[in-house]
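Look at the two complexes coming up: chain A is in both, with chain B in one and chain C in the other.
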Partner chain A sequence: MNKYKLLNSTVVVLVLLSLFFSGVAAEEEAKGVTFEQPILITSFGQSPGAMMAKVLSKRVDLEFVYNPTVKGENLEELDINTIVAVVGASGKGLGAAGLDIEDEISRVESLLQTAEELEIPMIIMHIEGVQRRGDMSNKLIKTFVPQSEYIIVQKSGNDDGLFTKLSEENEITLEQVEKAADAAPVLNEIID
Partner chain B sequence: MFHNKSVSRKALILFLSLTLLLVSFYAVSAEEHSVNVSRVSVSDSGVVTSAHSLASKAGAEILSQGGNAVDAAVATAFALSVVEPYASGLGGEGVATIGLANGEDVVVDYKSMAPGHVTEETNIDVNYGAEGSAVPGVVAGLAHSLKEYGTMELDQVLQPAIDLARNGFPLDEVFHDTLSAHGFYEKMIDNPEKFNLETVSKRFLEGGLLPEVGTTIKNPELADALELIAEEGASAFYEGKIAEAISEATEGWIGKEDLKKYSPVEREPIASDYRNYMVLSPPPPVGGAIVVEELNILENFNLAHLGRYDHPLAVHLISQATMLGSRDGATFRADPDFTDIPLKGLASDEFATERAKLINMGKAMEERQFDVPQGNPGGFKPEEKSKEEANSPSTTQISVVDEEGNAVSMTNTNSYFWGSQLFVEEYGFVLNNEIHNFTPAKYETLNTIAPYKRPRTVIAPTIVRRNDGSVYLVVGTPGAGRITTTIVETIVNMVDFNMPLTEAIKSPKFTSRLWYDELRMEKGYPEETLEELRNMGHKIKLYPKLDLYFGGVNAVQLTDNGLMVGVGSYRRDGAAATAEEK
Partner chain C sequence: MLNKHMSGRSNFSRTGYFLLFAVAVLLLTLTFQAQIVIHGTAEPISHDVRPGYGVTDVKWLSDYQPALRGTPGDTPIYHLEGKENGGTALILGGTHPNELAGVLAAVLLVEQSEVSAGTVFVVPNANNSASSYTDPRHDVPEWIEIRTESGVRKFRYGSRYTNPEHQKEDPEKFHHYPSGFELEGKESRNLNRVHPGKKDGSLTQQISYGLFEFVDTESVNVVIDMHEASPDWRLANSLICHPDALEIGSMAKMNMEMEGTDIKIEQSRPADKFHGLSHREFGDNTEAYAFLIESRNPGQGDVKDNVDIVDHPKFPLKRRVKFQLKTINHILTSYNSFVGDPARKIDLNLNMELTELEKSGLSEVLR
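On to the complex of A and B.
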């Protein structure tokens, strides 16, 4: 009897989850935005979060191109259908890429301009938590999150509600996850 | 009955007294083994400072158990190899300046050395993988220091490190951030086989993701290595199972014969008077001679008269002195066992005065790079060109003073954070990437690679004594090319500007070196100072905050009233731990 109860509960949870995710997907589709593979995984700020997104994408078998410093002029040749940008500034990462924060902002602006011309939608992720919320990261978040079509944020990175505020102001769907690893099923669900 | 009661009462009193005695005994014992850890700690019975609170604590526990400064420094260094494996460890190298309470001073040089098979044609421009690695010196150097100047056995001082590696420790922000330094995270994900990172990626990552701060990190393979060393001594590393594993991991680049041949070298510190203090710093192949030369140059100017560290003229004079010091350091710094270096000339007041004459009080040297005029401290033919050394602000500093007044200033490094990124997988440690610190043969410098030669670096663990011989300051820092300027500025802040150690460390720093086209400065200097410096012709590059780029000083000051003030780095979450009074 207990086994049946457990089975029933599991089925109910699975149905609810699938309804939830299909609802989310439907919501995006209703806005005319669909996220399709292959995706470009890139960084806005050169933190290691982009590499984490690569690991997450591998977990759910997404077809991707990984290029944390991609430029607008190279976007077309990559032949991708969605940009997954992990936002988070790292002084070390920027230094290693030979960039300062202003260079990085220029690079991203040019990338997004080309993306708009090519009608490539963007999912923005912030998955390194509150530690990746310094002044430089905040500048990137405030500048570029409003230009995205979907936001995935790890809970502690949204402690102050900045992502919620940007999401509401710009009518962008926001998915808050408990842990970085929880972003993988979300990516899997929203990207066809 | 009454009698019996009386006996019972006496027995009870005796029992309670014994209990109290036992309780107080254990309380004292507990107190003996307890330590205080914070950014700044004050004590009269010993202080340990390092880049990590758990490592400082390990050292202070050794002091509490009756160990001396050398015992504590060695314990701290091994603990750092666990909690800060990116900055130093068994596969790295270092130098210790030891100042004993009896006035004896010695430098233990356990720099890495090139393997025996290298030639002048060997490509030194390799940072990652086996060919970037030199024969490690840390284990031999720490074991030697302990045996000659410590009081404890290896197994005692290794125990805190073994416990940390075996039982785990919480991942801190610096470790978390450094996991991605120099592409290490990417290599763990993309190239784990090539760099022997399969095991370590399981230890340091969570399912391939960077773990959250606070996650417990264990390194049982490193615990095995430390236990082997505790049981068998340094020979386990240089001749035993670990030697075999190193040779295998590097596919023979570092051979078993190379490891067997390694030994630390004792050297005499360079000693020079600076405004009635005696500065003791290690000779080449590291940077102590530069520190001494730069201070000697500055002694030609009345800095105290300027009143404050951020006075534009103070910054200008120090920047010019450190520019000249770096010029001479580029020439006269190499393995002294392979060449004659005019050390006496470099450390002499006469030479410093000659160099000081080149400084224009109101104008920055226009020439940069190798146009800065070369000094000639001993009729030594100068080289024409060289190359800049490593710029990674890796490396780690330990400063210790014990109750007796023994002092240790120790700087250890893997060169870059995560060194060559090549792990000796079965023993959980990374090998250094020191080979790139040799200078290409085409430049014909003293620092050309040769078999068993030690590459030069700029580390400079320093001790400053008062006129009466007592220790005044134990200081050192990581920070690659900024090491010598940061040490000089810290000493000047204290000696010339009478700043307390906390402020001397915390105040903004700048660096001016041969290889930099501009004066690089941390934020915090007054706008008028910056303006005046620009008027003098300095090009200024500002860093927006206190930055690890400028080092991470960990230091201990002994005050005139006998107190020991330990300060951990403000730029790298350093900590000072004190031994509880007995």
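On to the complex of A and C.
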């Protein structure tokens, strides 16, 4: 009898755990959004955050294309199913890419327009913490986060609640992580 | 005829003696001027570095750029070679000798580390001329003293710039070689603005040239240049990576964060926008992955009088040295993981716990 009780309890726990882990994905699916591989890892602002996302994607074996400066006109040929965009402005990174902030905004606008036409969903990440929250980064965050389907943010980068506010206003799921590396299991969980 | 000849000979002799005298005066003058310009007679200054068991050889920068021999720009290069073959790393302290955390971290590597795979080269005083004087513009001590079991040890609080007595007067504008990029004249004495240097250039350019020759000759895989910055400066507490090294830097940053150490990561400015910086030039001109570390130094920027750069309450030297060593450790671990090739592995082991360094201080870990 005890043996059966133990078995039953284990089953209940497993069911609850599986419900918990599939909850987020189910929530997105209910909205008609699924995130599938291969993914495009790109940057909105040319900070090293996109490279960090590449490292994280390698860690969880996601199939990806890494192109921090991809243009809308090249999106279709990449044959990807999800955009993972890391937002964060870097003067050095923009300079290295030969862009200024206005060029970068135009590039991203064109990219997102094509993504909408191709019905490619977007996950936005901000994983460089409060140190990557300046005026230029804020402009990119306010402009493009509302166009995403999912937000992953390192907690210290959301100290002022900007991501929470944008998430609530636009009904976008927000996942806050303690450390940048904690974003890897989240990506692994939500991307099929 | 003979008399004429004799007379002529006699006249020639007087003229010859005059000419010889003139030539001798000219040569003496030129030699004197050359000494002023080259300042080749001064010896490099020596520092209190006490090599530990990990040091397997010591060479001089002049072994790679002979013109530096016997000049204030020469400096020792400590070799720490592991028993296993592997990759190679060059770690520079004292590019700016007023940024002491880099100097002390390099000294600690020489004194308290061993390499099990690959080879690590350490230069505690990369610009030794700049180590020879304290910048008179700042109200800072000429030496810092640390009491150890062996007694009091003194470390020179040097300057950002090559000693002006060792290099001819600054030009009005400095034109970086070979790009021609224009900077303020005094930057001609800033080692971290003159890379990749010039074989027959100024003393500072020759130091840089020697370092690049070293990296080429020894096929160095990783170059790490340790610096400090004013705590409020946007690049303080940063790891700056050449674009080719950005993935390694990203891995290092996230691993450090998992251990509770926050560090910002940036990539080098583009080559057409700025020249002369170590992370950019080593990355562009050699095969090495190039990095620059910046810890927070209360002795830089808007410095208050009598600031305590050793035992500062917020940014003590021991914590800044720990930050440098921890970052080096994570760069090398991430490099190993990135290249994934045992033949290029670099295993550097500190003979102390970094937590212990912060707890007990430099006095407990220096020899």
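Assume the second predicted complex is superposed on the first by the 173 of 192 C-alpha atoms of A that agree within 3 Å, B and C clash if a C-alpha of one lies under 4 Å from a C-alpha of the other, contacts with A are read in each partner's own complex, and residues count from 1 in each chain.
Here, a contact is a pair of C-beta atoms (placed from the backbone, for glycine too) under 8 Å apart; a residue touches a chain by one contact, two chains touch by 3 or more.
A quick note: this is a predicted structure, and the numbers were derived from the prediction, not measured.
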| query | Between chain B and chain C, positioned on chain A by superposition, is the outcome a clash or a fit? | reply | clash
| message | With both complexes superposed on chain A, which partner does A:Lys54 reach: first (chain B), second (chain C), both or neither? | response | both
| said: Output check: A:Ser90 vs chain B and chain C. Expected answer is one of first, second, both, neither. What do you get? | reply: both
| Contacts of A:Gly129 with chain B and chain C, given as first, second, both or neither | both
| request: Check the residue A:Gly98 against both partner chains and state whether it touches chain B (first), chain C (second), both, or neither. | output: second
| task | Go through the superposed model and pick first if A:Glu175 touches only chain B, second if only chain C, both, or neither. | result | neither
| If the two structures are placed on top of each other, which part of chain B overlaps chain C: 2-10, 164-172 or 326-334? | 164-172
| Which chain A residues contact chain B in one complex and chain C in the other? | 48, 51-52, 54-56, 90, 92-93, 96, 128-129, 131, 179-181
| Which chain A residues qualify as touching chain B in the complex? | 47-48, 51-52, 54-56, 58-59, 90-93, 96, 128-129, 131, 179-181
| Which positions of chain B touch chain A when the two form their complex? | 173, 176-177, 179-183, 185-186, 189, 206-210, 212-213, 547
| In their shared complex, at which residues does chain C touch chain A? | 241, 243, 246-247, 249-251, 253-255, 257-258, 262, 264-270, 273
| field | In the complex with chain C, residue positions of chain A that touch it | value | 48, 51-52, 54-56, 90, 92-93, 95-96, 98, 128-129, 131-132, 179-181
